[in-house]
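Chain IDs A, B and C follow the sequence of writing; residue 1 opens each chain.
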Amino acid sequence: MVVKNYKKNYEKDINMIEESTLSNRKSNKGKIAQLLPYLVLIIVIALIPLFTHSSYYLHILILTLIYIIVSVSFRFIAISGQFPLAHIVFMGIGGYTSGVLAIQLKWSPWLTMPLGALLAMAIGILIGFPFARLRALYYALVSFFFGVGMIQVITAFGRYTGGIGGLVGIPGIPGLISTNKVPYYYFILGVTIVCLLILYRFEHSRIGTNLKAIDQSHLVASSIGINEARYRVLALAIGCFFAGLAGAIYAHYNYVISPASFQMSQTLWIVMYVLIGGLGSFAGPIVGTIVLFLVPEFYSSLRTVVPFISAALMLAVVFLIPDGIVSLPGLLKLRLEAIRKRKREL
Amino acid sequence: MQYTALSIALATVVNALVLSSIYILVALGFAFLLNILGILNFAHGAIYMAGGFICYKLTMGLGLNPWLGMVISVIIMGLFGLFLERYGFRKFYGNLNKTLIVCIAVITIFENTANLTEGLTVETVPSFAPGILKFGIVSLSLERLVTFLVGGVLLIWALWFMRKTKIGLQMQAVSQDIEGAALQGIHIHRIAGIACIIACSLAAIAGCFMGAYLNVNAFMGDNIMLKSCMLVILGGVGSIGGVFFAGLLIGTLDAVLPIYLSASVGQAIVLAIAIIILIWRPQGFFGRKEL
Amino acid sequence: MLFEINKLSKHFSGLVAVDQLSMFVNEGEIMGLIGPNGAGKSTVFNLITGVLQPTEGTVKYNGKDITGKGPHIIAELGIGRTFQMNPLFPDFTVLENVVASFQCRPKSSLFDIFFNTTTYRHNEASILKQSIEILQLVGLYKVKDELAKNQPHGYQKMLGMARALAVKPKLLLLDEPLSGMNPEEIEFAMTAIRKTRDQGVTIILVEHNMRVLELCDRVVVISFGKKIAEGLPQEVRDNEEVIRAYFGGHGSA
């Protein structure tokens, strides 16, 4: 919301608003300073393939990017107060749709990927309406059941979806197929950045404000003209579109999509990425995905121990850092200040 | 053994009852925690699995009688339930986010422990009641009869407990209005603890029975979790009778369909129908209209 | 006649909350709907704004039948309301609360919002300006950047009214706007209400504090969901039935 930097002088404020927001001139210096750290980060990530040609590491990074799209879109839906525990199934719907269309109808992946995303969005809208009026807890239960059940239903259509073994032989994305994964890496990195920008824009516009309003008080929200049901479904549609897109891209990148990636544990782990990272901040799911998915993969040699460490980390967060890892710097700052205050008093 | 049509029919009925009892035992505990504590205990499946696993380890590893194994397993899981309520859930009544994290941590720890100790091999708990009963031309597995009877007795006890005992009524009060109940002097933490103990014990018993009926494996909790959600949703949140009804329905379907269709197709059909009912009528058969 | 309800009733399986209530409001009036606690006044508001569905009766606004329409449609039509329990957007600042409430006029389409078009930016600037003006009207300008949930009760009540004004209503329903306020705040609130009426807003007030009679042009008194008196404030104040409803049959006002 654009409500910063106003001095507490009524007349001045009115004039300043009329001047600055009605004109197209924006202060450029401030914006570049804000964006600089992110640009640096993106450049660093983009340069990684120069340092490692390991197919395995690139693969892990690509998966991380895919899961980042899914978890950030999960959080977008969660802003409106709904917890779509089923969310990862929409990744599956997007992936399976795109894969099946590409195999059965021989359409180009450039066509089937958006179609996969659109179908995921359509199904999201379909279940969004009956579920929109449900209390948060019950909505989560129902969503969870839908997600875990739906993937079994998809699996059962073995003739088209390949059954328990999964759908194999999915064509790669034309133009990106090569001896290593580098083209895929850059493509997916680019898509991720675009998706994140779009979701960020949605959240910080009036749409995001309305969703947050519905979450805080649906009574007030409806009394000022916000159509609760429609906005909830809108949030779900947007979130499911991006999850479906991520799944579709994943299917063509991986050449295989299997139900093992969408079982109950994966369903719940995506939620963990968001909650442990921090539900209150846009960067939360990104941090959570990195900490709970990317980092453990680097230690895959310790595969037996890693889950226990993750579990311990989750318990530590829920009891000590309730707002997620992104809130840690803020918490530490408060602690330091409190300690300094006490020292001064002594 | 002579498999007459009557035998098969009777066996199917017994199977249906066995599956129903097991499903309801687990779903009931899940519904308890949902209604009374206001949390979604997704770890419930893992607790069920742990119950079965402990029984298996005790009977196979130490050569104990399966019934003794079950009793010990129930005690262990019951105590775990108490521990879970006291340290995992107490601060988070009604808070979906935090309890979710706790549940997933529990699931991760349980499933990985089971995976490490047994790997992916699938084991069966020795029979609780080996032998076949013969009624004239009809033969029945004694084991399954016993499972159904014990399960049924437990469920009837649970119903009686909820409706007729003081603590059960207090539980109903807490499930309807936790603050009001507290103001009436009901000791909420004690009620919550008892609810957790009962829920985990029932799940452990169900796990042991399922271990004998079918098998135990590290990931059996996932499937039962799906079934429990289905029962609570179809039956309707807040309605214990609904859970029973839905349990009988699903248990019967799960026993009957595999005779005609392959197992996975049968499951998928049941799920698809459940999802359709869910979309058309989110409050289930007997639930109140939610907002 | 701007607004009219006809034989409005609400039954809650056995309990009759509102019983055949009929009344009308003229444009530019401040009308008081008063009665003792539990008389059903807030229920009437909930029925008008679509939060509850009436069991029978009709609600007409500007000649159109709006019975039972959903709350967001009511808001679009130009009817704003406050709530007795005064829910707000607790995690937004005071200013953000009002800015967020500008949903209807001006309205930006989803396309405009997403692509940050000139229309959207114009609208947002205009909204910001009007929000600050409203805050000035209700006296909350100095706390505009504070979190809504941290405000004292009186301020929150005025914020509730500011929020309702953001709907740019022609008809404003105020549910117990003076409750919980100290005498100074009451004076201020009453001035704000008068100023609002002077800007062309018709107001229906629900209150059980009799002080509100000073503000009203006309008054309807209800008790146990039924209308028991109607007329000018002075007439109603001396009405025997009203006194009995409030004080149970003894003493005088």
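One rule holds in what follows: contacts are C-beta pairs under 8 Å (C-beta built on N, C-alpha and C of every residue); 3 or more make two chains touch, one makes a residue touch a chain.
For clarity, every value in this text was computed on a predicted model and none was experimentally measured.
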item: Central chain (by mean CA position); value: A
item: Most distant chain from chain C, judged by the mean position of its C-alpha atoms; value: B
item: Where chain B and chain C are represented by their mean Cα positions, the distance between them in whole Å; value: 51
item: Whole-Å gap between the CA centroids of chain A and chain C; value: 40
item: Centroid distance [mean C-alpha coordinates] between chain B and chain A, Å; value: 33
item: Residue ranges of chain A in contact with chain B within the complex; value: 83, 126-127, 130-131, 133-138, 140-142, 144-146, 148-150, 152-153, 155-156, 163-164, 263-265, 268-269, 271-272, 275-276, 279, 304, 307-308, 310-312, 314-315, 317-318, 322
item: Residues on chain C engaged by chain A in the complex (per definition of touch); value: 49, 51, 70-72, 74-76, 80-81, 83, 87-93, 95-96, 99-104, 108, 110, 113-114, 116, 118, 120-122, 124-125, 128-129, 132-133, 136, 141-142, 145, 163-164, 166-167
item: Touching residues (chain side chain A, partner chain C) in the complex; value: 1-3, 6, 8, 10, 13-14, 17-18, 21-22, 24, 201-202, 205-207, 209-210, 212-213, 216-217, 219-220, 222-228, 234
item: Touch list for chain B against partner chain A, complex; value: 34, 38, 40, 42, 45, 94, 96-98, 100-105, 107-109, 111-112, 116, 222, 225-226, 229-230, 232-233, 237, 264-265, 267-269, 271-272, 274-275, 278-280, 282, 290-291
